[in-house]
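What follows is a pair of complexes built around subunit A, which joins subunit B in one and subunit C in the other.
Take a look at the complex of A and B:
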């Protein structure tokens, strides 16, 4: 009960009902959506989830990671490898995936934070680890090397092995996204979350008043990495293939960061709003690009959209929306 | 066998050194921009391939050798960099890193995809008259094209050094980098100096692109690779240090060439990233960087 009380503490009833309504809508949405609509919604929820996971590290604890593909990729590869080679299902594999990603996060974090790398330097370290791992996986035969790792698709639908149609993946990613939202709310309301915010605002001051800064930064990166790895597991089983170039690529890392930055760093709704905005824009630009038939036109529009948003709403779309509609969620 | 091996090793190192000079010039642009404005140019590789495409187009359609179009490309890049800084980047100086990152990411996406839309995904190279010439220095054989590119890169780096040490504007830029407040107090127009700096950084990378096209054909997919490569080089050499960028370029050029000879060529960038991780952990300010700030 205490957890439930803490979750709703200080939340206006109006907001609570809206959230319950939104969840109910999302639960019944597949009944009215066609295949395309469902695939777009799946994409939105995926980016909302993975953005929420990244936001713990950057939005809460203030550590900029541009290498989160490392954790998503590791998660996907570990679970897919266990499934392909030993027949271990992804529900069990997810634990191994999360453990592997948390360990990787702990290594990156320990090295970076121990040597007090900050800002740009830390961000470049995370990129370097991601790229290093990408090239290593190009040469790991157990994981299919550069030729890719493919999951068995010619099997009977079995939710316990995460084998099935889009509907299954929709409900799994919906559960993940909703769970991450609640978890982040709990984290923010806890002592841990307060420590993170203190570190983000001024690490030296936090240290001075007795916050064990290194330990809490480490917690931020391991929790964030473990959560991100679950998105990787889901991704691997949804698309049924893994290539080092895409799983660990720089562009994967970048796309993980976009929804929370565009939506509003450090807010609970930011990653969700950002995911809706970016996926929506992406779909519109894809259809425009297909109509025009010029290669790259989609990405040009996408780049311009990013520029416009960061120039006119540098703090993100959600804080601005919230202010307009009189909601109260400020950047924590 | 050993003497054969030593010779091919020496050959690889020379080749790496020559390519490394061009890498160094590219990284110099990034380093100058970061050193003065504390902005990491995430669109650096994208600017590089724009330079490569311009030099390629000049050679393909106007029959102008990249070496001749280089000054013009550098001038165009200077003006474009100046305008970019004035129009878009200026408000972001001093803002949180993730906002700068997003801004330059947007610029990068537009640049690389305009290249893709205009030229297409195929790779394009330049055929020079001196394509197959070479110089023999003792037992070593030096590629003429590579040697010319390296010499040009050294000359440009030298000009840049003269600019920063012997001209009034160059000295003012260094003053603004050292002490922003002091520069404002003595009445320097810091915004203009920043715009000139971005222009100079862009001119460096444009010139590096014009040189690089004589060595390697260009595709849009090279852009991200060059951005990462430039990061690796400047971090290894020391972000903001000019000699550091050149030294880093040489180191990475040699490490790539030697890795290509000794192990799998596809592992060559693993060496660079390994080197980057080591430097970040043991000497985060880079080999020639200064502590602090």
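Take a look at the complex of A and C:
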């Protein structure tokens, strides 16, 4: 009850109803969407979810990670490995995945924060960890090494093993995205979240008013890593294959950061709006590219579009939209 | 909120061989207001940073009500009951004035609602209540100075360290701040140590003044005594009189 009260505290009824309406729409959407429509919606929710997880670190606590593929990749590999070798389902595997990612986050965080690596230097550290984990996985036979790890697909649909069609994955990622949204709202409206914001704004001033800065930064990276790992688990079971090249690759890390940057760092709706914009643009440019028959045109358009958005809406699309429609959430 | 006694015994600090502070001792009794003055670069802020836990002193010790606080991290020093402001103000720029002070209040009030309530009371005392929803970055310098004080007070300290909070204020604003601090001290018995260049404020507030020059204490006494002290006149007030 208190949790529920805290969730809705200070939220305009109009916004609440809009959110409930949106959730209801998303719940019934598969009934009206075709396979293509559903796959696009799945992508949007996936990016909204990982974006939300990454935003905890960058948007809330102000720590730039450009190596979040590390946590998604670890999550995917741990759950897929347990399932492939021991038949342990991903619902249980998710806990192991989250624990592994949280541990990895704690190691990266401790090295970076304890020794006061700030800004780009910390970002370089996160990239380094992602990259050498990728190289390590190229040689770990238990995880299929560079040849890849493949999940069994010729089995009967079983939600408990996350074996099934797009519909199953749609509802799982919807639950994750909605859950992460609510969790982030709760975190922000608590001492923990306020301390993160204070650290983001000025760590020295935060410490002077009693914030144990190292501990709260460590919390940010472990929570963010654990949440990101669940996206990795989902991803592994959705695509049924894992390669170190893609799972831990730099482009995966960058991809994770895009929705919150485009949508609005440090806001709850930013990652969601950013995911809609990015996926929408991606799909449009793919079809344009297909129509024109020019390979690679999608990437060029996509890059230009991102450039334009970042140039003209540096604070993100959501704060601008919110101001236009008179909503009140500004960058927290 | 009651005051605590601050006792500084023979503290020293060097940076890469450069002696910033050497063998400084003084005490501030519980509930008193003392000032720390001296020319630029004398080591005043370094002394503050040692009290606040930013640096551990190389030698000597610092105690609050008999408990040694030197060597503790800044957040632990805050928990021990020391609030401080920064000479170069450090507001949480993208947060509102109220949220800035709320972060300070969260130190003693775990619930966000309670902390906010406490923060509102402090903002009202400092005349910032009407600006509570403004972003901190939109405040003028005098208001930012006030915000520094408000945020430090929100942690409910027993000792308040004020680093040049009068600098940049107009004389009338100085008088308002002086009045506020005196009232706060009178009502709560909070111990205050201030670094200040604005003599008007030092004379009006401080019961005793400690003068440092080149990292060493050169004089200590009431404002009246200090203003007649030859060594002080030479290194500090002399300069100002000549200017």
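The definition used in the following text is that the second predicted complex is superposed on the first by the 332 of 332 C-alpha atoms of A that agree within 3 Å, B and C clash if a C-alpha of one lies under 4 Å from a C-alpha of the other, contacts with A are read in each partner's own complex, and residues count from 1 in each chain.
Note that in this section a residue touches a chain if its C-beta (ideal position, glycine included) is under 8 Å from a C-beta of that chain, and two chains touch if they have at least 3 such contacts.
In this text, all values refer to a predicted model and were calculated from it rather than measured experimentally.
Novice: If you tally the residues of subunit A touched by each partner, is the higher count for subunit B or for subunit C?
Specialist: Of the two chains, more subunit A residues are contacted by B.
Novice: Using the touch definition from the top, say if A:70 reaches subunit B (first), subunit C (second), both or neither.
Specialist: neither
Novice: Please indicate which partner A:254 is in contact with in the superposed arrangement: first for subunit B, second for subunit C, both, or neither.
Specialist: first
Novice: Examine A:208 and indicate which partner it touches, taking first as subunit B and second as subunit C; both and neither are also allowed.
Specialist: A:208: touches subunit C, not subunit B.
Novice: Between subunit B (first) and subunit C (second), which does A:189 come into contact with in this model arrangement: first, second, both, or neither?
Specialist: In the superposed model, A:189 contacts subunit C only, not subunit B.
Novice: Mind working out whether A:310 is in touch with subunit B, subunit C, both or neither, as first, second, both or neither?
Specialist: first
Novice: Applying the document's contact rule, which stretches of subunit C touch subunit A when the two form their complex?
Specialist: Subunit C residues touching subunit A: 52, 54, 73-75, 78-79, 83-84, 86, 90-95, 99, 102-104, 106-107, 110-112, 115, 151-152, 154-155.
Novice: Which stretch or stretches of subunit B touch subunit A in the complex?
Specialist: Subunit B residues touching subunit A: 40, 88, 91, 95, 97-99, 101-103, 105-110, 112-117, 120-121, 220, 224, 228, 231-232, 235, 239, 264, 266-267, 269-270, 273-274, 276-277, 280-281, 284.
Novice: For subunit A, which residues count as touching subunit B in their complex?
Specialist: Those residues of subunit A that touch subunit B are 58, 64, 66, 111-112, 115, 117, 119-121, 123-125, 127-129, 131-132, 135-136, 138-139, 146, 250-251, 254, 257-258, 261-262, 265, 294-297, 299-300, 302-307, 309-311, 314.
Novice: Considering only the defined contacts, which subunit A positions touch subunit C in the complex?
Specialist: These residues of subunit A touch subunit C: 189-191, 194-195, 197-198, 201-202, 204-213, 266, 331-332.
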